[in-house]
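Letters are used for the chains, namely A, B, C, D and E, taken in the order the chains are written, and counting of residues starts over at 1 for each.
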Amino acid sequence: MGMEVFLHKGRGVLLAYDQGLEHGPTDFDERNVDPTFVMRLAATGRFNGVVFQKGLAEKYYDKQVPLILKVNGKTNLVKGEPVARQICSVKYASALGAKAVGYTIYAGSAHESVMLEEFGRIQEQAHELKMAAIAWIYPRGEAIKKDTAPEIVAYAARVGLEAGADAVKIKYTGDVESFKWAVKSAGKAKVFMSGGPKAPTDTDFLRQVRGALDAGATGLAVGRNVWQNSDPAKMARLLQRLVIENLSVEEALRD
Amino acid sequence: MGMEVFLHKGRGVLLAYDQGLEHGPTDFDERNVDPTFVMRLAATGRFNGVVFQKGLAEKYYDKQVPLILKVNGKTNLVKGEPVARQICSVKYASALGAKAVGYTIYAGSAHESVMLEEFGRIQEQAHELKMAAIAWIYPRGEAIKKDTAPEIVAYAARVGLEAGADAVKIKYTGDVESFKWAVKSAGKAKVFMSGGPKAPTDTDFLRQVRGALDAGATGLAVGRNVWQNSDPAKMARLLQRLVIENLSVEEALRD
Amino acid sequence: MGMEVFLHKGRGVLLAYDQGLEHGPTDFDERNVDPTFVMRLAATGRFNGVVFQKGLAEKYYDKQVPLILKVNGKTNLVKGEPVARQICSVKYASALGAKAVGYTIYAGSAHESVMLEEFGRIQEQAHELKMAAIAWIYPRGEAIKKDTAPEIVAYAARVGLEAGADAVKIKYTGDVESFKWAVKSAGKAKVFMSGGPKAPTDTDFLRQVRGALDAGATGLAVGRNVWQNSDPAKMARLLQRLVIENLSVEEALRD
Amino acid sequence: MGMEVFLHKGRGVLLAYDQGLEHGPTDFDERNVDPTFVMRLAATGRFNGVVFQKGLAEKYYDKQVPLILKVNGKTNLVKGEPVARQICSVKYASALGAKAVGYTIYAGSAHESVMLEEFGRIQEQAHELKMAAIAWIYPRGEAIKKDTAPEIVAYAARVGLEAGADAVKIKYTGDVESFKWAVKSAGKAKVFMSGGPKAPTDTDFLRQVRGALDAGATGLAVGRNVWQNSDPAKMARLLQRLVIENLSVEEALRD
Amino acid sequence: MGMEVFLHKGRGVLLAYDQGLEHGPTDFDERNVDPTFVMRLAATGRFNGVVFQKGLAEKYYDKQVPLILKVNGKTNLVKGEPVARQICSVKYASALGAKAVGYTIYAGSAHESVMLEEFGRIQEQAHELKMAAIAWIYPRGEAIKKDTAPEIVAYAARVGLEAGADAVKIKYTGDVESFKWAVKSAGKAKVFMSGGPKAPTDTDFLRQVRGALDAGATGLAVGRNVWQNSDPAKMARLLQRLVIENLSVEEALRD
């Protein structure tokens, strides 16, 4: 039901830009605070999709890149067990031109059942409208000591598969071997590595991406490591070569 | 989708009068306790909009000034993490003649997700009926030490943009520079400074407004600083000159 | 939209009989425990309306007096922050012959938002069916030290006005001056004094009512001070003279 | 609206068999664990109605005796303030052949408002489908010291009347005088004594029933005192003579 | 209403594979982590049904074996009183080809009423679409010391019957005698023993299954004891002989 629109040679690099709600403008600078900049970057950087909340999609989406509409979200100002409820209806997302909806499930949260239920409804509505349903699965709550622990990441991947996600966005475990297990656990649900906070160097970040790809990932959803980069266009090109052209980190960096 | 109706030369001064529910009649005196007085002031003072709860709109709205219907609210008698749920349906607001709905989101509250979800639904209904959706974003809850801190105000502004607000009402940070960042964070969502409690002097208040405008605000939503003023008509004129005519505080006060 | 049906010469005395649910039969004696007695009293005592829960309306209402259907309620057996949810739909109330719905909002309760939202929905449905919506506003919860404090009663009145009530039922503050402020705060929403527990003497009670009327109240909703009275018919007559004929306490008592 | 179908000479003996959910099979023995046994007993014992949860009705109800479908319920494994939510829709109950729905309200529970609201909806749907609505009113929660205290039982009866129940099922207070008050408090809602746990002797039980009848009860809803009896058919006959034939305990036992 | 499709000679062996959500991939190895393997095993092992969450059904179900769609679920990462809400609508389950829906009720949990209510709705929808409703009844919460205690297992069985389940999945009590009581308590609802964690030896496991069958069970729902087995095909054959052919453990193992 359509992750294909987000893929090139079976791979995809998605530009994530929902941090304004999740973290606040503290993630931004004078340039990337402007969604226009990111929208343009998505096109010029040849990203396979761009991730927006409804407000950005309504005011900035220019249809040059397929749209993934993030339909839930929360601020990081709230304490306690995390929960994010639906802000955008699937129908509205579709009217805004989205080809997929994104939804975060905080697996392990005391409110997990609320989100599993809501995602369940959203997934069915999305499929009815021929849209893909992508699950951001973030293990959280009392029981989660380390959300990049291999068994936790694999569990996250599996939750997405079981709940009917067409693709899951999960954190990288840190090494190829353990991430392979997560990819296997996701089955036919495509795996997108979560870009995460800005890595110390470009090479560090590219090695993580390469590791995820080598483990079988379809690609990544990346935000801060691109638009917080001093040269976002260059990082976009590097990711193209790494993910779509399937080059090694060294090959990608060469030239 | 229609903030234009509330603007003149791209600017707007909205007369807020939802304090009866939010704070109680303690904000009022013998004159301004009467919504008729405020309704008349809205017209004679050439305000660009008036903000009412449904009860006032039903009984007092005379259509001389565009109506913003505040569709949620709460008393200040309730303790604990704040939440305000929908009291007026969007359809009812439209039938009462509203050109926009207003909704308060207590970002950071333990009930934030309830309000983000509800605003999401209301925003879609409003747009369907060609009404604007204005978000009052008030950061609250355990994690919020100071709700006028620059990063908190900027976050509030961004929450509104991301959630699909056509305009946000936020507190002033206290200086132009930091408020610029909040305005930038709001992107294409228009920014209205929250008038707040009565300032010590008119000049004090006008300087705040001037600061917000210089930072890029579209205008302000003001209640107590007008109708608690000893001469509301005069303050209305001053705001016209400052906001719509774009004069300096000194120019506005002159004559 | 119809408080007129409950008024005579612009005034009204409503016979309240929802105490069976709110307090239990402990309020009753062998005679007034029977709703038939109260229904008959409503007619012979020329009350302007009678307040029933749905069960009483279904089994006892004889259409001789306009019906106000109380659509929410709770027992006094429950501890903690008060909440009363809707028991009777507006449509059902209308089918039972009601000309108005009554709804209690415990302003200040931790569950206030639940009731404001529910009242909001009920009010719209009532108006659509050409029924009035009357709000019983009872401030409760941690923050409420004394629910007859002038500023609290005025706040209650205002909550009703803002939320769209056609009339509010509030407690008497104890003196004319402070109740005037409450009446003013209620604006165009009509004010009915809450009869409250049985007063020590008839004269005591009549003085309270007179005070409320002098402060601008439309009338009162009275239960125990009538049907717990040794001579309910006489008290009904006294209230007629005081409220409808607008006599002084002394004049009313004379003859 | 139809309690008549459950009455004979204005009286009724209802066979209750919802204990499987409420208490578990611990209430049963090899014989009465089988709903077929109880269904047959209902017919041969000439009961005026049988009380089943939906599962029993679907699989065992043979239409020989009018059916009361218990539409909510809970296990006794749950601790804390009691709540039982709707398990069977009124429409489904009707399709299963029910002539009445039964619903338990734990008056005084922290969740009372949930149940009063749900019963309110169910009552209206039942009446629309020409079914009776019977309320099991069980006072529970912190504030309830003794749920057979006269004032508590009378309150329970009144809650049922006010909420629109056609009949209430309440516990016996222990003596005729105090139960009279409960019956009076129930007004036109018919009163069925709750059979309760197995009494020490048949005579003990019959004296309670006689007391309830003498106080004005319409009959009783009895489970364990019949099907836990060593001779259920005999107890059924005794109840017929006591309740329907209106004999004294001594007359009933004679023969 | 159709448990027949899952039975052969009145017996059934269902292949459970919802552990990916309930326990995570920690239950899996390189082979059985792949739903394709399990789907193939279901067919070649002649299972009478396969249990999938919606995600697996959508991506792997090949219609060779009747499908039971598990419509609720949760991860084991969440602490506190358990609750699992609906993830898949009954309509969607039907569209995916399911002949039955499965739903877990944590009887005794503080959230029991939520699940009883939800199952109630699902059961009615399933029956309307001619699908069976199977209840996984797992007693949990403060009050449950040991969830295989005979009285607890019997209670679980009865909850399923009362709530309208066509079949219940319950744990084995450990001996034939006590399990007989559970089967009796389930009445006409068919009883499937829950396979549970991998038993120390095949014979151990077969003895449990034999015990359940001897007590009157219709069969079992088994996952880990098959697909964690070193020779799943062999275990499938053994279960066929034991359950469908009704052989003794010794007879089944012979050959």
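A few points about this structure:
The criterion applied here is as follows: a contact is a pair of C-beta atoms (placed from the backbone, for glycine too) under 8 Å apart; a residue touches a chain by one contact, two chains touch by 3 or more.
Treat the numbers as computed from the prediction; the structure is a model and nothing was measured.
Looking at which positions face the partner, chain A and chain E present mostly different ones, since fewer than half of the interface numbers are shared. Each chain gets one centre point, the mean of its Cα atoms, and the points for chain C and chain D are 35 Å apart.
Chain contacts: chain C has no residue touching two or more partner chains.
Because contacts link each chain to exactly two others and close back on themselves, their graph is best described as a ring.
Read round the ring from chain A, going to chain B first, the chain order is A, B, C, D, E.
Those residues of chain E lying in contact with chain D across their complex are 107-110, 112-114, 116-117, 119-121, 123-124, 139, 141-144, 151, 154-155, 157-165, 181, 184-185, 187-189. Per the touch definition, chain C reaches chain D in the complex via residues 18, 20-21, 24-26, 28, 30, 33-35, 53-56, 58-60, 73-75, 77-80, 83-89, 92.
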